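Could you have a look at this structure, given as structure tokens, before my questions?
The first chain written gets the first letter, and so on, giving A, B and C; residue counts start at 1 in each chain.
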């Protein structure tokens, strides 16, 4: 019996073969995270490392056979407490493209029904030798709690209205592909800012890359702590340096990037919106309004979109829209994150 | 660094290795479909190509190790808006036997809950580099709509009461295994014809193979556009040339094949059925009734079956029944379709 | 064309490579089961075989790349009619670590919604060439019924309040790792004995290994057929030789092992419990009560646990607790069972 034979059918997790599989060596990677919870503690260099690696992952996705099985033997568990098509499938595909095994546990089929606590669930999944737990939860902060009780790495796939860091990273990657550099670019996010985890992670990420972030929406849907157009001193530590503008036409003027946020229709019941019709009239991102942005502006949406409410159907599928690119790039960015975590864990953490 | 190394762990999608894996070259394949939506536009030669290839796939399934990973790197997404055990699992297994990655998205865990439109969902999934979207939807025509908005190939796994082409193909394959040829064979489908996607795709497929198709059921459950025993001229274009018979004993007489269709128990509420008991008395496929069919008749059912309603329990598990063969053959036929689509896409479409 | 090439990308199911992958030959295995339904018909030697093999599987799990793909080409179907996180994920991971394909079918997405009968479902899944059906069902006995209608092997993953044999096996494995031998060890199970499939399989398994099993709980939650402290003769055949004790302090005294069982909170509505508070006061496994057990006692819980009800939070995460080990060992035991079944089927059954 030859011991070397014992793992033969399993390719190396990462290592020299990764260079081959990714078509290049990944040098000068800066990465010091066990978990990906939000971007507020990400260095510029760390974001650059993710983006650079995502570029190589995107090349893998564009191959005829879109596979680079450098994470064989790596276990990713998708733990989703909220319904999701795109993010769950994106992580599942990201894992599978790299040869990892991906197991999905969704709240409605899980023993959460039996009242199992979040901590108990996460401890259990990591005891099953999960390497990464990708987690979506309706409660802000849940992935932080989880990360303190597991040996696995936790990736936040959206927690309440708090954070959605992989969305922000895929947006940054998409913008860098188009613009080269985000420095001093005007990025306007329009919609229900105060309940949007996409907006919150976006403002941290875009700011870290040197962009000028403008938040635009009706006063009732702007984060508390912001006054209109001037933010009190005490709130400065809690949010990056961004501008606020309730008039969409002023906000969009000369914008490099306009991102329409999904409007949760339930918001209307909460009394924060007079009506969907009124919202659309005042804040829908339309062709006419985009004519005030820069000529080569980019139009983004995190999806799923309500066409005719927060975004016009014509511009959503127009030539300035990067909505489908964002989806493809999302797979690439998630591949990059799984790889960075696997490589860090392999080095002995 | 050797570029050739980069994809080493991934087997070719299709190509020369496929010949080896399938035990033979697949010559003279006629196949001109980007999508599989219904059989009404399938040529006889195309159906023959699927059936012939399904025979090779069935040989793979009968091996001790039932795997031929010729579709490594191929991504299949199961998008099911209606509950399904057998069809979803059958496609998942078909993909996995061929080495493809299969991701399942079901309606109750998907962001369809959030109101995401069908088109948006399909665009998103294809932007994630899905090669095939296998789709079941409660609305007739939904897969057609989907196919016009995606780069992926769409396979209809059942849409409303419209079509279920993979079921018809597996039925044809099962019958050809038993009968050799369907030409001039009498195939009787009994039950709720007007709401049955199985019947609708079956009539197109069986007719294309030269069989004589007889539809049998209570007048309220026959398709409108059919009068009893004579069909008006204007309906000819919408349906293949089939016969109608409301008397089951007349219909079954000298039949080569009898297919009992599942009765949706909900149909009773709609006022189309007096009672389940009355239905069973008049239209249940029983041993006594089958005694009027040919001696070596074949009894089919697409499953899941209501024993004691549309079919007698004794005949369902009797020697003329092909119900379990149909299930196994369903995996083989779906393997064949995935292979044909992959090969077409590889040729540059 | 070379025939030998045809299966090249698929590793052998089991065989000489298994020795390499597992790091040793598996000699003297005693195993005579087509199905794993309960432990009441398991020989001591069969349990020892599972445990010994689970030890090798645990070594695979502890590798940096926790994979030994010796079951490539093997198909496991998870058929869960009750919600479950841990057991379903554990079987899925067990299969994937060994390179098997695992397909999950859960009741709320399955055609069980359409009224498909259990037998029909199981026949269908085995006709799809499933090798193993892992089944959880709310009805006691359902896996037995299933096993009589399928060519696949059925593993009971919990049926009603009847049996949960893989849980008992993982508990035995965990105890043997800690204690070496279970002979004459005092194992106390505390809680809702009469509704617990964990307790029921545990008593068979622990008794077979020579342990002294004590069942402890309120009289209303002890199995009928037991009188307090003496069991009538006629019940002897239905249960192994165990002791009953309603006083938890007497039960725990000098115990080697204490297992707290999950209390189903719904039990209160049934009138079998005065209140959760009263239950906790009388039967919660606490540090104080455990001080009467042996010094090096082991504390177990099958999970998911209600901390503060049947178990104290401090002891649950204390140094005597094996709760997380049980989870990891559960994957190892399930790997062992899948392997034993595959090897038996390969020998021609």
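FYI, a contact is a pair of C-beta atoms (placed from the backbone, for glycine too) under 8 Å apart; a residue touches a chain by one contact, two chains touch by 3 or more.
All values derive from a computational prediction rather than experimental measurement.
Enquirer: Line, ring, star, complete or other: which describes how these chains touch one another?
Expert: Contact map by chain: complete.
Enquirer: Taking all residue numbers used at the chain A/chain C interface, answer same if over half belong to both copies and different if under half do.
Expert: Counting shared over all numbers used gives less than one half: different.
Enquirer: If I superpose chain B onto chain C using their CA atoms, what angle of rotation comes out, to the nearest 5 degrees?
Expert: To bring chain B onto chain C, one rotates by 120 degrees.
Enquirer: So what's the Cα centroid distance for chain A and chain C, whole Å?
Expert: Whole-Å distance between the two chain centres: 39.
Enquirer: For chain C, what residues touch not just one other chain but two or more?
Expert: Correct list: 72, 108-109.
Enquirer: Residue numbers of chain A touching chain B in their complex, please.
Expert: It is residues 11, 17, 19-25, 61, 63-69, 72, 80, 83-86, 88-90, 92-93, 96, 99, 106, 108-109, 265, 303-307, 324-325, 327-328, 330-331 of chain A that touch chain B.
Enquirer: Under the touch definition given earlier, write down the residues of chain A that touch chain C in their complex.
Expert: 1-3, 5-10, 12-13, 72-73, 75, 77, 101, 103, 105, 108-117, 120-121, 123-125, 127-129, 346
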